[in-house]
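Multiple structures are listed underneath, in structure tokens.
Shared between the two complexes below is chain A, which pairs with chain B and chain C, respectively.
Up next is the complex of A and B:
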């Protein structure tokens, strides 16, 4: 019990006590100066009809769908790289972005994806002017661009995890399948995908708690929520309402919704795990 | 398939390296050249931007503050994680399920949701007992230690779970107490894992933006990430100066990882990655 006590005490003080405060603030109007005033469900009623909030939820959902890319891309790359001569070098290069904080990655891509930046200039140089876009300043392109940047940053870690999974995989299955005349696509879908299921679940969990609960540093680094509200996520909206405009009661209500969304996501993953009858990550 | 695979590998590596090299190229450009031809590869190469960025916002001070905050913060999170992880994996702790939920629950809460009440609670403590964790480096270390203790606990829980029980039982049978068994047997074995826990904690805490921004309101101390975040509001975003500042701030962590790479690979990825 002594072993666990320090953790419990510090979590109660620095994590759970503030959560209690957060729940209380969510039912008040509060500007940080005058004491909070109880308003019941007013904040939530306001959120229900506030377009900016709906936009934030929509954006968060769209970005969360990025996990399909963040999981799929490293999976395919790991399978392609597996067993090749330069595999270690390739994996080491792909892992480099994992050493950079999200904010720094965001800053780097603001340079690369700028209106007059190298990507657009290269496209124009090739005569593909139509494809040149203001990637981070366009309503349509900003979310796919953010998903791509996060894919760039997380790919290396995913590849390493999947490679570790592949290395411990018995080659018998693969050889048997090849003897049966399986094509590469069939091999990937019917052999590698199910065999690497535990890795996928672990990687999904890492992405859920590492990225989905904290889009904030990505958004701050890349777009600061813009253009307009086109890339505002739930946690970025908390920052906008709370820190930038001092509507702390409203911000707490948004934060509470955010906590619930993550809880739902985790429960869904848990249920899926139970349904599939596997207790491994 | 063979050529296809080679092409995919080359394209993936170029896609990863290009943005990194581009930031470096931009940082080496003169401002005038950046304005006239932002996408040019050739032209002048100058180191002036690094000196200018270093002086513009006291990056040295921000890096020092970040180290002063994250090193004790990482040690605290690792300390809490090792103790709790060991107990939850190997000892008969009452209400284990509840403790596990409590520890893991911390992971699911976005930091953005907690900064406001965290800050208010700190002010309230200052008003009632006179001492508080707001606006001090040790205070932020404490907050980081608690916030990042959750995943540390999970990390060490899974590490100790894989530790064979007979090693510990032998010590038990020799009459060692729980504390002695932990200190003499489990802890020495866990040294490589502890090194990894420390490195990852330093990285995560170094990368954290929002708490650093809010919990140090007077600006006496500034984290490296806050310095970078505020850099763009003071200077034109995306210029050579910002690029240079970004590289300077990224460097310490990059070096830390390179030094620790060997351990990281084997510990995190199970040592099963072979050529």
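Up next is the complex of A and C:
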């Protein structure tokens, strides 16, 4: 017990005490300078009736659906390049975007995806005017576009994780399946998918939590929440309310909702592990 | 009001510094140095906390740098340093610094309520505390902490600000319009815009990324529906933001979009993009401000040149019930209540607000003065003179643009363009009212 005491103290000071303050502020009005004033559940009542907050929740849920792409695409790519001669080179190239800060990638894509940007100009140049869209300026396209940009940026990390999983997979399973006449599609579904299950669950959880807590730099770089509030997410709304308009009580309440969502996701994941009767992810 | 991207080049900086020193010497000779006796001479280090001082080689930053050099030259015991923060994070940075005891001695703020959370960190004051400045400066109302107590302010108002429309004379001529005849009524405005459109010229600049241009356009029409007193009633909550007059003042901006006057790529553009587009002759008219950015000083120093543009107040609408032109302090300067050197901080603010300080800010940064004894003709171009003409002819309302709380203004910047595009202005104003009261 004595050995873990320093760690416990550090955790209390730097993790749990701030969370405790956050919970307290969520029930106050606080502008950062005057002492917080207790308002009970007023902040949450306001959130319940605030269209912007509902929109932020809705946007976050829609973006969370992007995990299907963010997980599925790297899985397929990792399987495709597995065992090939140039696999390391491909992995390195795919991983490069992960080294760039999200804000910078967002800003760059903002230029690339502009109405008169290179993508639309290229489409128009090919006579495909109908396909040129206001990717980030249209309420219809903005969320799918964000999902696509994030897929590009996170693909390398996903491929790396899956490649690590594949490296630890015994080739006996694959060879046995091939001897039995399995096709590539059957290999993917019956061998690789279950074998990489722990990686998938881990990556899925990481990305899902990320949509609630770490989307801020993407949104700031790509859309600043726009057009209107069409791409405001929970964590971007925390920035808007807390930093831009100095309503720290309200921002804390929004953040607390985010923490609760993450906690629920973790509990669900824990329950699933118990149901599987496994210590694996 | 918003800092520019730093573009400092050492040679350019040296040249500007030399110019600044020359100007300081000239001003000291022409308007008289504000010397003080040795016994009460300000001394010690002070820091200036704000967002306009990120780049000291252009915009307001250059003016402040020049003014600080002149002030310290006259007060050898003083050292002024600048502490810059991004505009968007100003309130949170200021409140965090105040809690940590590291807030600057002089604090820059927007007039009105946008930076209201910072007031608690400042030394509350009254105009009378500032001696002659109480009567020499206009716009003390911009610093009022609580509308119920209009005599207590967060700081001293310095500079003059308002919203105005600029047009490109060459593009007007290209469209067959008289380049010297600025639109005065809504009918004249739409006729000009239609002619520009027919000539293949984009009539009006809009910036969907930040909504600032639409916001300024809106603020330019507000005095046609609100008197100065009524604008203050909006601030105090007596007039809600879903009042029909607020909708009427926003309607012209929506009408411009509906008529197809905006640049087609408005959604991808920021106000600085459109500032460049106006300079480069890609758009004929742009709503801007009279001090700092998107203003006459930016045009004067560009390819457009001092003779290349004209100005006009918001064209008068048929249903207008009033007429006027917002003209309010550019910024408010307060003294940190925890300052270790408050007297020197106040001396610097007095210097900035005085004839010499405001002359420097006008000459270096294009900031309009909020005192009558600064000679605009000496330092400003024909564009600035024309703006003064609009102010004189329409009557200046001594209030800031639209009077919103920080929350409502944040909401407006986030949603204004989209609300105009969707046409659902009533819902937008209802949302703003919810924020104004929250």
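Here is the rule we use: the second predicted complex is superposed on the first by the 261 of 281 C-alpha atoms of A that agree within 3 Å, B and C clash if a C-alpha of one lies under 4 Å from a C-alpha of the other, contacts with A are read in each partner's own complex, and residues count from 1 in each chain.
We adopt the following convention: a residue touches a chain if its C-beta (ideal position, glycine included) is under 8 Å from a C-beta of that chain, and two chains touch if they have at least 3 such contacts.
Computed from a predicted structure; not experimentally measured.
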{"item": "Touching partner for A:104 - first (chain B), second (chain C), both, neither", "value": "first"}
{"item": "First (chain B), second (chain C), both or neither touched by A:77", "value": "first"}
{"item": "Greater residue coverage of chain A in the superposed arrangement, chain B or chain C", "value": "B"}
{"item": "Which superposed partner A:130 touches (first chain B, second chain C, both, neither)", "value": "neither"}
{"item": "First, second, both or neither for A:52, with chain B first and chain C second", "value": "second"}
{"item": "Partner chain in contact with A:33 - chain B first, chain C second, else both or neither", "value": "second"}
{"item": "First (chain B), second (chain C), both or neither touched by A:228", "value": "second"}
{"item": "First, second, both or neither for A:243, with chain B first and chain C second", "value": "both"}
{"item": "First, second, both or neither for A:116, with chain B first and chain C second", "value": "both"}
{"item": "Partner chain in contact with A:88 - chain B first, chain C second, else both or neither", "value": "first"}
{"item": "Chain A positions touched by chain B in one structure and by chain C in the second", "value": "32, 110, 114, 116-117, 242-243"}
{"item": "Residue numbers on chain B that touch chain A, as the complex places them", "value": "1, 5, 8-9, 12-13, 15-20, 22-23, 26, 38-39, 41, 76, 79-81, 83-84, 86-88, 91, 93-94, 99, 102-103, 106-118, 120-121, 142-143, 145-147, 149-151, 153, 182, 203, 206-210, 213-214, 225, 228-229, 232, 237-238, 242-243, 246, 249-250, 253-254, 257, 265, 268-270, 272-275"}
{"item": "Touching residues (chain side chain C, partner chain A) in the complex", "value": "88-89, 91-92, 95-96, 98-99, 116-118, 120-121, 208-210, 264-265, 267-268, 406-407, 409-411, 414-415, 417-419, 421-422, 431, 434, 438"}
{"item": "Touch list for chain A against partner chain C, complex", "value": "31-34, 46, 50-52, 110, 114-117, 134, 136-137, 139, 224-230, 232, 240, 242-247, 250"}
{"item": "Parts of chain A lying in touch with chain B, wherever the complex brings them together", "value": "1, 3-4, 6-8, 10-11, 13-22, 25, 32, 77, 80-81, 84, 86-88, 90-91, 93-94, 96-97, 99-104, 107-112, 114, 116-118, 120-122, 152, 155-156, 160-161, 163-164, 167-168, 184, 209, 213-214, 216-217, 220-221, 234-236, 238-239, 242-243, 248, 251-252, 255-256, 258-259, 262-263, 266"}
